[in-house]
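Following this message is one structure expressed as structure tokens.
To keep things simple, chains are lettered A, B, C and D as they appear, and every chain counts its residues starting from 1.
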Amino acid sequence: MASTIVTFELGDDREVEVMVRPMTTLQTVLRNQLGLTATKEGCRQGGCGSCAVLVDGEPMLSCLLPVEDVAGRRVTTLESLTPTEGLHPIQQAFIDGYAFQCGYCTPGMVIVAAALLDHDSAPSVDDIRWALAGNICRCTGYGPIVEAIGAAAETIGAGQVEEPR
Amino acid sequence: MNDPLNVVGRSVERSDGIGHVTGRTVFASDHVVPGMLHLKMVRSPLHHARIRGIDTSDAERVPGFVRALTAADVPHNRYTILGLIGVEPEEEFVLAEERVRFKGEAMVAIVAETEEAAYEAVAKVHLDLEELPAVFDVEEALKPGAPVVTHWGNNTFMYEGHPCRRVRLGDVEAAFARADHIVEGVYDTSPIEHAPTETTGCIAVPEANGRYTVYTNTQALYFSLDNTSIILQVPGNQLHFVGGTVGGGFGGKVDVIVEPIATLAAMKTNRPVRYVYSRAEEMQVSSTRSAWRIYLKDGVTADGHIIARKVTSYADSGAYSRQTPYALTKHAANAAGPYAIPNVSIDAYCVYTNRQPTSAMRGFGVTMASFALEVQMDKIAELVGLDPWTIRFLNAYHDGDMKPHRKLAEDATLIETMQAAAALVGHDLAPDLKAMTSAPRGRRGEESGRP
Amino acid sequence: MTKLRGTGIAAVNYPTGMNLGGDPSQALIHATTSGSFVVSLSATDLGQGLKTVIGQIAAETLGVEFTEIVVDTADTDTGPHDMGTFASRATHRVGNAVIAAALEARQALLEVASEELEAAVDELVFDGHCNLMVKGVPARSVKVADIAALAQFKYGRTIAGRGSFMKPKSTVDPETGAMDPDSTEAHACTVADVEVDTETGEVRVLSIRSAYEVGRQVNPALVQGQIAGGAWMGMSHALYETTAPYYPAPDHSPKDFSEYLMPGPLELPEIECVVLEMPSSNGPYGVKGIGEMTANSPIPAIVNAIYHATGVRIDSLPVTPEKILRGLDAKRATPS
Amino acid sequence: MTVHSYYLPRSLPEALDLLADHGPSLLVMAGGTVVMPLINEGLSLPEAVMGLRRAGLDRLERTDGMLTIGATATLTQLLEQDAVPMLRDAARNTASWSIRNMGTVGGNLFTPPPGGDVAVALLALDATVTLASATARRDLPLADFYTGFMTDRLADDELLVEVRVPIPTAPTAYIKFGRKHANTPAVVTVAVRLAWDGGAVTDARIALGAVGPHPIRARDAERWLIGTTLGPDAIAAAASAAAKECEPFTDAIATDWYRRRMTGVFVARALEQLAPGAGGKGG
């Protein structure tokens, strides 16, 4: 059970190197080794979306990824998506739209929303709903979340705020 | 409302908003403590069985195994959560003794250096079980000869000498005899999981001063602390519970299941111990909302007044009752609905079966009563030829009406709320319904209309 | 393929709190040297926004800005006793406790200000924006922050308050069930519209429209959040959720979010609400509890709407497509 | 057993050699969406695991009349191709966005309920699977691949390396019916491909998912269509035959009764999409 060293890019500008036992998940590395606990742990079955991260810009579930699989790739967590000052427009829209209650699903929701708006700057309501179909929210009933993402798209589209990516 | 208030009544931004949207909010399981051990549970594979033997010797040989805990290790192993407010008897086991009463019941706690080692050791604990007949239906469980789930010989929780929580107002049978119609219904609901996105869990950490800090997502910090203190027979001041930020509760995190055993494991190993439910455990082992079977019998006059209501309810408590006896009392207090009914009889049974235990959930004892009552109201309306709005206005309670549990209604606003709903959906109410208020009967010249 | 539409209604009441064992909540408040206030609780925030609304109630009572309040719900070493967050009790119970604590802290603040401004306590007023002044004399005004600092460095006083609220235990008469189980009642009426596919039995909930009466709303946006989330949960309970799909049989119990069915964003109906405010007599600023009740009226409203659409009465939850289809089959077999 | 070795071979030969060396104790994982939950919950305790994410098996290639799909091509890749619309539909109706970015076409053949939603489409499309070992390579029609409930013809030393799909020339129909509209297990999945000559059906493939021990062909239903113009009677006869010949099961999602009933309904609805004048989807 020799440990191995895995290197990957975290966000846009940070290279991290971790020593792990074989098949440690990216989720465990982020949370337990790097202290990046915005990536949540809701089911570890791939069913709730609360551990979503971006791998080379695409949403994936960190609970299902052995960290060895992301060696050399770029991993974006909510911490890396959050600007040093202020908030990402999606985060601001979630606050303005009361698009969370307990907040446990929120990181995964924001990650998937960021990927969606990266692919499609003006998604329809239906596009947003499809994008969120893998993220469980038990509190809000989804409506406020869908609306907040739509509002964020409009904010970004109107050029009021540069999307910090 | 036009009161001169500054902050109350305003939609201020949530004070926890930035923490939630940035993921900086710290939930219980976000605490990572160096040297932390992992606790996984050996669970009963059978719905009902006698425990003949538990053999942990193979498990102990798994690399990374640290400690196994069984019933004998728990100072006060049989407890009841509501013991704190005087509810008896003590009926649930932190770790199973003699019998297991539901599939998934906790039997042996395994503590290991890694989750993987804990899982492997769990798989290597050998259980010698003698399967017993099991019962899953509330009415089957009450029949003579049914498998007995409890340790006291029958399958109901006892309320001051009665097998059910009773409410009695007026004379139901006499009112049935003079009613124009009798409307009966049976309503069934199935158990429901709270499904918070954050599963139930805690981390217990031994501190330098001999105390234990427990990071937990309980909905009730002192409830958890006090029960842990009783189960472990340690003074409360040795325990320090930290939480307050919960990733969804809905009632599921009012139970005190993970903290006592994790704290015990921390005491026995002098290491921090993490015990967080997997999603499968949350669904298949943690408490659910009870399933209910509700029999309704209403006596109704030709013009649609309900003059008598008899309710016989069975909540499927599962193998242990946790908060469910309390739910039955709340149910009994509300089982006649928001209506003024002069003759009411309610029998509400908390029934034990070999199912995963049930407990509090959002709407505690009332949600499923509301389902039954409001479907029943439509049946009554159809029978007497009234529309669904009118039947409800006709029977709605007013301030000052006596509820079945003999408290006079106050703050009643059902009528005004229904008027607002009708306006919202554009349903034009008849003028007399529009003119009604919840004010006490007899004032404003309103006819009570009671037969 | 035929799709049938129907409308159903339901009206409910829901009790605030439950006190069959005595139902206490306590709060402590103290001022920091900079004039912000820390509210210490052991009550918990489940996501409903307890920290926010308790902050609002504390700010209102103290007469300071909401942003000056820090609510800590974290810790049994610092937070006084509380039964916990359940039974739609927290805003009501903790709110009342916080008002009591805030009034005590406010009195301490006034006493220090009275000395500093050389005016009687009853001559002093708060402007709600963190200033205290002598009534009618705006020039004789002092910042709460300054009073807090002076209290500690000049007068050697604590600006603090203790608050407790308890609904005493009600014993239930075992024979008649006579009891006083709750503090007040909130109300709701829901109208649901559904569409039923008669070949598959599938139900599409088109809209859930409700009126609520919840006493005073401390934070209307958070009330709306409870209503929207509850409408979804009610729909979920009505049509999807079960841990025993073939109850009472224990088989096929779900182990993950694929098997445990809950509607997702694509099943979202139109959700609309109107909120009436008729203050309760005993809640903080007239509050009633709304946390739990919002899933209740949607369930029977949906079930009644299915009957209205199809003529099939389903009296067991969840109302699955199979139950509806079997009901439709039975109805076709016995034409009325 | 705690995982002692995790292999991430960089090529197919390397993967096949590892498999030959370790034998069947080597747990093979593609996207991880089925295996990882089992490991995370301690339900699977393998000693050695081989991940295929870097084995170079993820290419999608269109050559005349044939779409070749590498076994580890993701469901997202399948969603983004335009050669075979039915496979796009199948991918879109499988799981969630994040899972589609991870889950693979090859893995989907082994996914519960048994056999995934893509496998149903592939069966209707007469796909062929290529199985390789360190020493040999063979092709097998997907129709012959499954042997029973969660059993198939993949030998212990073989990997499924690619799937080849003849690109259909006539419209096809694909419906996945679940209790929800997205990210949900199938009650029944129906995939239909027809060949036509002068307004008459000359050949038919009706594949069904979640109503048998593996994705199955509704061969009786197919026979009812041959020679017809796909009128209402033919559709009704085929639907009823499919409902009769399927072998549904009961699980947390639906009973066997409901699955059988829905098989008839959705075979009919799929065929109606293809009936003359219905304006079915191209290709």
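To be clear about the criterion, contacts are C-beta pairs under 8 Å (C-beta built on N, C-alpha and C of every residue); 3 or more make two chains touch, one makes a residue touch a chain.
Everything numeric in this text was worked out from a predicted model, so none of it was measured.
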**OP:** Check every other chain and keep only those touching both chain C and chain D; list them.
**Re:** A, B
Subject >> Distance from chain D to chain A - Cα centre to Cα centre, in angstrom >> reply: 29
Subject >> Gap in Å, rounded to a whole number, between the CA centres of chain D and chain B >> reply: 42
Subject >> Separation of mean Cα positions, chain B and chain A [Å, integer] >> reply: 34
**OP:** Please list all residues of chain C that touch 2 or more other chains.
**Re:** 46-47, 49, 221-222, 230, 233, 245, 253-254, 256-258, 260, 262, 264, 266
Original post:
When you check chain A against every other chain, which residues touch at least two of them?
Top reply: 21, 43-45, 47-48, 98, 100-104, 129-130, 133, 136, 138-139
Subject >> Sites on chain D at which at least two other chains make contact >> reply: 2-3, 37, 40-41, 182-183
Original post:
Linking chains that touch, what shape results: line, ring, star, complete or other?
Top reply: complete
Subject >> Partner chain A, residues of chain B touching it in the complex >> reply: 13-14, 16-27, 29-30, 32, 114, 194-199, 246-250, 276, 278-280
Original post:
Okay, in this complex, where on chain B does chain C touch?
Top reply: 1, 5-12, 14-16, 47, 82, 84-87, 103, 136-138, 140, 159-162, 165-169, 185-193, 195, 218-223, 225, 239-251, 253-254, 279-280, 283-284, 288, 291, 316, 326, 329-330, 332-334, 337-338, 346, 353-356, 360, 362-364, 366-368, 370-375, 377-379, 388-389, 392, 396-397, 404-407, 409-414, 416-421, 423-425, 427
Subject >> Touch list for chain C against partner chain D, complex >> reply: 1, 199-200, 240, 245-246, 252-254, 256, 258-261, 263-264, 266-267, 321-322, 325
**OP:** In the complex, go through chain C and note every residue touching chain B.
**Re:** 8-15, 18, 20-22, 41-47, 49, 51-52, 55-57, 59-60, 63, 65-66, 71-77, 79, 81-87, 128-129, 169, 172, 174-182, 184-185, 187-191, 209-213, 215-222, 230, 233, 237-238, 241-245, 247-250, 253-257, 260, 262, 272-274, 276-281, 285, 288, 291-293, 295-297, 299-301, 303-304, 307, 313, 315-318
Subject >> chain A to chain C touching residues, read off their complex >> reply: 43, 45, 47-48, 98, 100-104, 126, 128-130, 132-133, 136, 138-146
